[in-house]
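Below: a set of structures, written as structure tokens.
Across the two complexes that follow, subunit A remains constant while its partner is subunit B and subsequently subunit C.
Coming up: the complex of A and B.
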């Protein structure tokens, strides 16, 4: 059985803004099921074990439940399409090629939570995605579906495409709220959580684009079907952004729980120029490294966590022997240093000092004291920021220290 | 720019009293006297200080910038090590000098009249108008200066107020490191202080003292050493 591209990337669904084509291919069926029994939406997602695909892997139904139960009118559902992390390139594809799956997922979310606003929050650097989504939304608005939605909701439903600030930090949940409220996308501390107080202080549900894209398929085919797509205990499918030193980098939809070995050596065509596999930055640069002995790991949220790593967005940046891990980590830290919003001096100063120490060590000028200082920073910094940016930066440094102690050994 | 050199063989916590407090500086556990500043603790407890050291405790040079996390606290603050008391369980990380990608070059001799000062400032510091009001500079400043307001005053052209606001600045560079818009508030502050001085009548006591120096009244005679010629008179800077 071919396990590649069964749902989200299924060729017949790659239509762009073509609502008629989407409906002819079976789209809309999920929304029909949702309209027929709105109370069953959240239990179905729970049974399907749909997780947040933006990195956290948090059970989606819980977020939906919290937003549904929160008191308040004018609720918001936001599709987070800010995607701006090195190595992750999945949401832009969905927004560009299957915008109707994303909007339908958003409509079902609005139905489940009783929302009055659906916002498609898209990074303007993905100009094609923004333009395609604008066309797709206009088609939904001109269709009889909107009236059916509003009848079911009992109030008007506003659908809007909003360009994000294009900044990395703008993808953070509370930064999304700040931007939609008309401010600079500054993150703030939680609580209050978005479900309690979000855009315009109304209860707000913010989901990753990929998460929402799964929803119409789950509602159409049922939770059991979705669960069966996964391998072992894992449910459904996952988009993996494969990049780095592989023969065929690209976007792959595979059953949740596919092994890292299969992703790299079967679908990715193996290592570039026959080099030896060294490591993979799992789930993007704010995450942890997996090595040769982890090639058998099943790529689902729980199995990866059992290896003290995280699946994150499903980004897999593959590194071959001969590449300095410290160099790569230093590059990522420089990215975070540039993306840090400025509110927390510990984040700006911390990422700067981490980058400085890594540069010295990688350049061969590091001392044992530099290494001690680096390890010390990994203890000092976590939790000191309003958002998780500094924590992510520390995570990747710490993971490299733990996974590749030999690379740092020269400075010991 | 180098980090601390390896410790000399005899140095170590032995020099500190037994009843001291224990803290961690750049990953090294240090026992310090109860009243010690972080800088004193580092000077006594670690290797010879070769970086992050300048005026040695007077709080005027800004070299000993560091991040501080107190025991049990989540927050990490930026401080000057010489002006912060060492506490038990404290974790400290010194911060390198931050060199931004862009330098602001100007000749203060070209500041000759106030009519064009705002234009000059905008030309030299175009980033100053980009402040996104995150407040990071205020939080980063170990001197408690209202940095963000100072930047706003510069942009608004209220140079006297801005110069007064930056009066306590010691150029530790932490606001520059903190600024996501590359504004370099401390350099902006220094510019308005210089510009304000250049466009203001000098205080008469300063004028008199400078004249005394010029006339040699402040010269110090140093007796010639054996074998050496007469040493030149050493003048004080005003």
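Coming up: the complex of A and C.
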């Protein structure tokens, strides 16, 4: 298998909580570079074009800059490791096998923003990741690095591993804040953005685990090196969680901008049992479906958006001919319905009704009225929630209605 | 017979005979397309198999207040349970004890049985008999019948104490009679006849959350979701391993083993099968059919071509079967109509005890009538017949396999008998472990959200491809290979 250009999954870095091993393998160099010139951190990330790997693809440097410029003491940096959506399994690998890359990325973020707290917010369902990260944090705290950090910051730096609520919704930025403030992880409306008012009303920077894991490598090797890893205009590498009807599902680190075709047919070993390719749910899975016409799409944030879908977390759930799209959508909507926090009536009732209607249609019990109801829900629900959950759910339903109308035809 | 090692799936099981290994390593019958069109159904507990173990499990789960669906490939009661002639063991005699039963069972299985399972089996014995009597099952009584009459106890091969309770020599039939009545009359049990299971359903965590059934009458797939599934699918005699005839019913095609193995359940002792010593060798139409151990238990001798007894007829079954095979192999067998065997001396037995045929050996009388001869004058020609699958899915004392949510009871499970089974322990096992599995499955919490899919099948197909194994053979077999049935053609028609 092609393992060129691996950064996050580079075999020598898969050490678990072994700080000495990480330093011997070249870890720590990024932090040294950051300590040497803290003011250069954010411009370097800007030049490297590092994006938010949790799904938004938002330029990371902007978030960092906002948090750095926000007035206030006791700032927080949060590594979001709540990963819970179907088909995504990248962060748990990083937290378990390269915890020091993640912590180092968090330390650099703390340095760039002047934070006093670094929180590793990890889903307790991934018990191995939590345990490994606790060991890793203890090693950093016992090392001279923390003292150097605190000298550079000019105030103490607290590092904590916090178990999340284990709920899907707990990964939403404002829900993260609510949970860390000691409340149920209810999302709230933005603004104020976390960078303005986050945990304990202090400016808060929340980054996905994969995003932070990239940071020490970028600081160590430079922005130009990172940009060169990507294909075309895209920069760096990306973790793709490949699952579904392929021969070799798994976690792949490939250059950002690798084509869907290459991911499935080269790295994924082709389709299971030689079946025909039908569609891909991207992570996760709350986006527009990719179909046969999109096999050539470059898997980077901008190219996928040009096809009116989203790269999301990099999860690619591949569906073959013979698999019911409605059934898959029904499964995912049932997941969203179970994951809705219930504070917005439109989301609570909307996801429930979507799931109920899809279950009826999928089971052959649906009527033409059910289908009409489904379609009108898709028109009225978007934008009605405090967070994006209901929008994601509607997007995937609507996309299946548009892309695979034949499958719904029996109900019509 | 040369065994081939299983190269895929959970290891640790001894290599099964090639036809069984081929089934275990074959591809699934269905794909997502079949699943997409399937009709969804729900149950609290799903029981696969309509024999004694399935019935006992369904009754236990329904008794605990659960909605139960019992799906069976043939019809309710079509099973090896009804073939069980000799009886059921339970330590109820005054000179008997649970310890005796335990020791006999372990020794009979050559000390290879799981002692925890054997302990459970023998401890349940007396309660099982009481439960069966409560359901209305008749047992033979001692001579002085009337009020306070005791149950008649007979000696089984390989036991130290008379412990076999029976209803003439049709004990299993009598047992199934009352079980079937109880199941079909129970308001919380739905029986689905002619609905073989073609695949299990798994959730993300690898637990079993239902099964895909194929409804033969309506030619449709059913997607049955259930937080607990009990395999009571019986054995594999109809694979005719080693070319032997079999005493098993038509549906014994190892389906349960195939489904459990594909899901990742551990199996054990798959190389170990019981060959019943006295299967009919001639006349040909009855070949493989069973002459109950009750006949030997009553005192019938086995006689070779020289007219000599060659073995103590009441030793453990595998020893007696081996002795018969040795007589045949060394040229002391009897050939009749092209079939070789030894004589079961019924004329001698009936000369000593003339009333046996009318009282205790009614099954034998029926068999002789079908064969068209008089057992008082002519001996049966017998030879070993493939009778029982000793191994199967590894279970704990509650009947749960190594897969959460998947239970096994009866012949499909392994470890209760080790590498040889004593007469009468199978009927005890199906009720004891059937009820245990049913009760334990009923206690399983109903998951709030678990759709279930066939991701384990996809993993299996990837493993097959990676190992370079052929993907054309498909299993479960459902019906013997001489049956004119193909699921794919049937479903397409």
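Definition applied: the second predicted complex is superposed on the first by the 407 of 412 C-alpha atoms of A that agree within 3 Å, B and C clash if a C-alpha of one lies under 4 Å from a C-alpha of the other, contacts with A are read in each partner's own complex, and residues count from 1 in each chain.
We adopt the following convention: contacts are C-beta pairs under 8 Å (C-beta built on N, C-alpha and C of every residue); 3 or more make two chains touch, one makes a residue touch a chain.
Computed from a predicted structure; not experimentally measured.
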Next item on the list: Kindly classify A:245 by the partners it touches after superposition: subunit B alone (first), subunit C alone (second), both, or neither?
Entry: second
Next item on the list: Please indicate which partner A:406 is in contact with in the superposed arrangement: first for subunit B, second for subunit C, both, or neither.
Entry: neither
Next item on the list: Based on the superposed arrangement, let me know which partner A:343 touches: subunit B (first), subunit C (second), both, or neither?
Entry: first
Next item on the list: Mind working out whether A:364 is in touch with subunit B, subunit C, both or neither, as first, second, both or neither?
Entry: second
Next item on the list: Would you mind checking which one, subunit B or subunit C, touches more residues on subunit A?
Entry: B
Checklist line | Partner chain in contact with A:322 - subunit B first, subunit C second, else both or neither | finding: second
Next item on the list: Pick one for A:379: touches subunit B only (first), subunit C only (second), both, or neither.
Entry: first
Next item on the list: Can you check the complex and tell me which residues of subunit C touch subunit A?
Entry: 31-33, 35-37, 39-40, 448-449, 451, 453, 458, 461-462, 465, 471
Checklist line | subunit A-facing residues of subunit B, complex | finding: 2-6, 24, 26-28, 47, 67, 69, 74-78, 91, 93-96, 98, 132-136, 139-140, 174, 177-181
Margin query: Using the touch definition from the top, list the residues of subunit A that touch subunit C in their complex.
Written below: 245, 247-249, 272-273, 275, 320, 322-324, 326-327, 331, 334-335, 338, 362-364
Notebook entry, point to check: Across the complex, what residues on subunit A touch subunit B?
Noted result: 184, 186, 340-346, 348-350, 352-353, 356, 360, 367-370, 372-377, 379-381, 383-384
